[in-house]
Amino acid sequence: MQLWRKSLGVAALAGVTGLAMTGPAYAEVSAETQYVFNTLSFMFHGVLVMWMAAGFAMLESGLVRSKSTASICLKNIALYSIAGIMFYLIGYNLMYTDVSGFIGSFSFLYNTKGDELALLEGTGDAAAIVGEGTYSIMSDWFFQMVFVAATASIVSGTLAERIKVWPFLIFVAILTGIIYPIQGSWTWGGGWLSEMGFSDFAGSTIVHSVGGWAALTGAIILGARKGKYGPDGKVNAMPGANLPLATLGTFILWMGWFGFNGGSQLALGSAADAAWIAVVYTNTNIAAAGGVVTAMILTQVLFKKIDLTMALNGALAGLVSITAGPDQTNHFISLIIGAVGGGLVVFAVPLLDKLKVDDVVGAISVHLVAGIWGTLAVGIFGAGSLGTQIVGILAIGAFVVITTSIVWLALKSTVGIRVSDEEEEMGLDKSELGMEAYPEFGHGSQTLS
Amino acid sequence: MQLWRKSLGVAALAGVTGLAMTGPAYAEVSAETQYVFNTLSFMFHGVLVMWMAAGFAMLESGLVRSKSTASICLKNIALYSIAGIMFYLIGYNLMYTDVSGFIGSFSFLYNTKGDELALLEGTGDAAAIVGEGTYSIMSDWFFQMVFVAATASIVSGTLAERIKVWPFLIFVAILTGIIYPIQGSWTWGGGWLSEMGFSDFAGSTIVHSVGGWAALTGAIILGARKGKYGPDGKVNAMPGANLPLATLGTFILWMGWFGFNGGSQLALGSAADAAWIAVVYTNTNIAAAGGVVTAMILTQVLFKKIDLTMALNGALAGLVSITAGPDQTNHFISLIIGAVGGGLVVFAVPLLDKLKVDDVVGAISVHLVAGIWGTLAVGIFGAGSLGTQIVGILAIGAFVVITTSIVWLALKSTVGIRVSDEEEEMGLDKSELGMEAYPEFGHGSQTLS
Amino acid sequence: MQLWRKSLGVAALAGVTGLAMTGPAYAEVSAETQYVFNTLSFMFHGVLVMWMAAGFAMLESGLVRSKSTASICLKNIALYSIAGIMFYLIGYNLMYTDVSGFIGSFSFLYNTKGDELALLEGTGDAAAIVGEGTYSIMSDWFFQMVFVAATASIVSGTLAERIKVWPFLIFVAILTGIIYPIQGSWTWGGGWLSEMGFSDFAGSTIVHSVGGWAALTGAIILGARKGKYGPDGKVNAMPGANLPLATLGTFILWMGWFGFNGGSQLALGSAADAAWIAVVYTNTNIAAAGGVVTAMILTQVLFKKIDLTMALNGALAGLVSITAGPDQTNHFISLIIGAVGGGLVVFAVPLLDKLKVDDVVGAISVHLVAGIWGTLAVGIFGAGSLGTQIVGILAIGAFVVITTSIVWLALKSTVGIRVSDEEEEMGLDKSELGMEAYPEFGHGSQTLS
């Protein structure tokens, strides 16, 4: 079975460092009960991660201007849908089936089969089919699928307000069907990075940095919104239209992250697994809290005002930072890791603006910068080797920068990726969808009539 | 015990078709552990279905105009409350207690009793009380109760912006306390339809079409909103005031649907049950994704713009479509079923407008049309008999059309169901509640002062 | 182990009254399976309670005016973060470690240790470490932590639109790190109130009234918003800016309450525990529904209009009311308890206005008034002694009133707690954060440009 997924990195690492992280003790839990617990963990935690799609949708809806809000809603529900279909059609097999170092199997569709079919239909002997530490293979598919969707969600926020819908969705299909699965196979599929001992518990690099790199190449190739950067180096604020929605989105993401990190234990069938998940929950929460408080204090000190959007991004940066190594039994380290992540965002956001990289929601700062930090932190505080962590960050970064740049440039030179200046001025909602997000409120209602 | 509920249709069906869907194998899970798993499944999945009440509230809040938004919020929280109380007072017994073919028992209140009371109070011998495949009876009540509420939620959206609050709530009390439970007893209560082999796993017909029929009779008897249909056949768009909320509502419903369909396996106490739920989750997600993509492509092709509200309704139609038979091990069939559902909505919405049936949120297209399609699909792709499926659709449809028409007409001829023209023009929020949903924004703020 | 927490009151009570609420029967569930179930219950239910932080944020965002909406969002995410950090740094130990009647241990940090560390690292013998009825200690920490955050959330709503951000957050740190844990140790930590038999299942008094008392002392010391109360005794309505968000917040809280009350069973490792949780879910839902319907009917009768915000607060009051004793097997009693709670709010809100206590969201009426009622109801309908319930209410009330008053007054006389009149007029968003929640909508957009 496939229980070594994602865990494998940690297990291999344990061998390297001598840490006695042996397999879970199933002394008193029957094999079939383990199967139910493990499957339940994938399903419960998978639902929480699915919910993060709503979190990204609300965060981005709140942080864009009202004239492009309906478009970002559409992109978010569309990308979640496309990610799920692509991962079913091709992605899962590329990532997890017969991985030979650098890539899995090119084969279509991922359906229940063999023994599990016999189990489902009651034609086999359950006791014989269900071994120790196993789980339903479709529960695993479900859990892995919602992770792919998270990667795509990261990209939509950065590129909001100027990218065309359909080219963006073509990019999403390639990202979730091919690019993400290939690099994912290197670690979680049991490929070369996992063999080196690269450790990324729930995906600071494999999910968040990948989304961040794709957003970065997209932002550079797409260019900034009209008027964002003045000729004299002035950065014009384009404040989000609905901050309570952005706050809601952040809370949703925070909630979903318990599934993201907790479920990545990949098992619930023993006392040790359950206790590890509780440790992961604790660290996840403490790191996020540390990110919020740091971002608040820093913005107060630096800007003399507390910045709500920085506090929200501080929470997310804390969460991304702890994602690579939420399995610390000293929770104070998590507080530090999250606090550093929250602090990094406060500096990264203006830095990107200085570089004229227009990231509408701050996703590059949150997911790429804090993702790198979190992955390094495993080498600094955790059991991982710092050198190996850097290799993983660079290898995955190089692969994603190159492949996504090719896709963006190919799209740009064929169907085009950017709306016209007039359409951008009008807002994507009217130009692409022919509708308004808030037809009765404020500017929208005035310009409409 | 009552484990045959909802499952019974499937089990009977298995007998008919020869499919070897035997009972779950509990070889290695002790009876008491099964009890905990089964109860947990009802509770976890029930909470997700409860959450759908919020999904409907947000979807409808987003799709009505701002002058009737507070009213739709009120109706949604009120209907969820009334459904729960009515199902406790009378509905559950009508649906599940001593069902004699066409109806259950007319008896009041549904409390824990007998053996379970002994179990709770520790006065009985747990090992003797807890048999294989059992569960807490109140967990079952909770899970069934949230389904009733979903049925009522469907009606409120269609009739928004013109129906009076109290008559609507009286209708809800009768629908959830009497009409829904009686037709529900025919299949899930073990009545005549289940004996025929009618198969509706989680309620494409029993929940969604019932809500859809009630919405349809209500829409016809209540009439369209003033100005919706011009004298020359022109359909005037009355766009929703807050599309991010509608998007949020759709994501909430999608999330809740894992509970709706997954929990309808009615057990988690064996490896086979857990694996089936994972299959159900997978199909549920893929069908919804198929609905989104189809609706997007069709609106792009037909209208030259992607319609966000159609994409959202496409997701919901995909979900409704798969609800009758989410237990396919070939997930590609789910993609097709969901895609067809999403496509149907794109055609059904303008068709209803042509017929001057004013459905504010598209609920009839989503829940009735896709509900019928999903129920037929079990006969086409699944193990069900198409003839029996049609019998079930027609029987339940006829019963609900007749009974709800009688209730609507009785309310119309006594207390009245429609606000006056002046009140409708002013908006229900001021006329019925004396308040505004968004007192400081846009039109609202201007007309108020 | 610590399973007696919160349960202890009930267990002691059972001894007093002769009710045969013996310990759960674990006849057929292995000790390790129990451990997994119990831990899972804390994690699942804890996530639901964490989600209540978003519910409070949305409720309050919807009920404040738009010029102070971003501030209330910030306060909510900050208070959740600070509560978590303080409970990790000091609070948990004060509440649960070596409680000697009136207070626990002054010691810093709460990390996994001892046997559990051996279990996690696989260095110990799981079968020897895991005893009957045990659970992961960090899962317990997580569950208790989210409760503290709920207490703080109650305060922010009452004091909105006029309190400075940083002094409020200092108050939150003291409330969640010191005041809440000390009074919590009296009952749930096994201190003097639990020894007396004070019964508060999930915290009508210990969580909700404590938040309510802190809000009350704050509201009195801080004073009302400018213009709220006219010189002639006139109460000026200051309607909330976004009622769909308030509705969403209420639904989130309702959903989260299944975790709040259900998880407070503190175990899921036996059929009896699972059945009790199902009973708790049922009562929780029925009480909330009763609160909604009562508030609706009363506002219709008294004010001739249904008041949406009263209906929402009715739901919350029903939930608070049932929190002290949701373990009734006669669910009709829960309907009554919730209905009375919902009714109390309809009278308490105008009463507080008469007393010129300006509670922006009605939190004092909901959490303090209904919290007292719910705690008394255990003495009236449940197995508790009315006298002891009154002692608990008074003792905790006196302690919180005195300590929070000292903190508020100390803050007032040092850093100050209230923004200037000009800042209040301008709104906290501009004065404290330098931003707007809805920069493009309605009043906001007009005053901005």
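Order of writing sets the chain letters: A, B and C. Residues in each chain are counted from 1.
In this text, a contact is a pair of C-beta atoms (placed from the backbone, for glycine too) under 8 Å apart; a residue touches a chain by one contact, two chains touch by 3 or more.
The structure displayed is predicted, hence computed values, not measured ones.
As for how the two copies chain A and chain B face one another, under half of their interface residue numbers coincide.
Think of chain A turning onto chain C: fitted on CA atoms, that turn is 120 degrees, to the nearest 5. Put simply, the C-alpha centre of chain A and that of chain B have 32 angstrom between them. Of all residues in chain B, those that touch two or more other chains are 30, 33, 40, 44, 242, 248, 438, 441-442, 444. Those residues of chain B lying in contact with chain A across their complex are 19-30, 33, 37, 40, 44, 48, 65-66, 239-244, 247-248, 250-252, 254-255, 258, 262, 268-279, 281-282, 285-286, 288-290, 292-293, 296, 300, 303, 305-309, 311-312, 315, 329-332, 335, 438, 441-444. Interface residues of chain C, counted against chain A in their complex, comprise 30-33, 35-36, 39-40, 42-44, 46-47, 50-51, 53-54, 57-58, 61-62, 69-71, 73-74, 76-78, 80-82, 84-85, 88, 109-112, 116-117, 119-123, 125-127, 129-130, 136-139, 141-142, 145, 165-166, 242, 245, 248, 432-442, 444-445.
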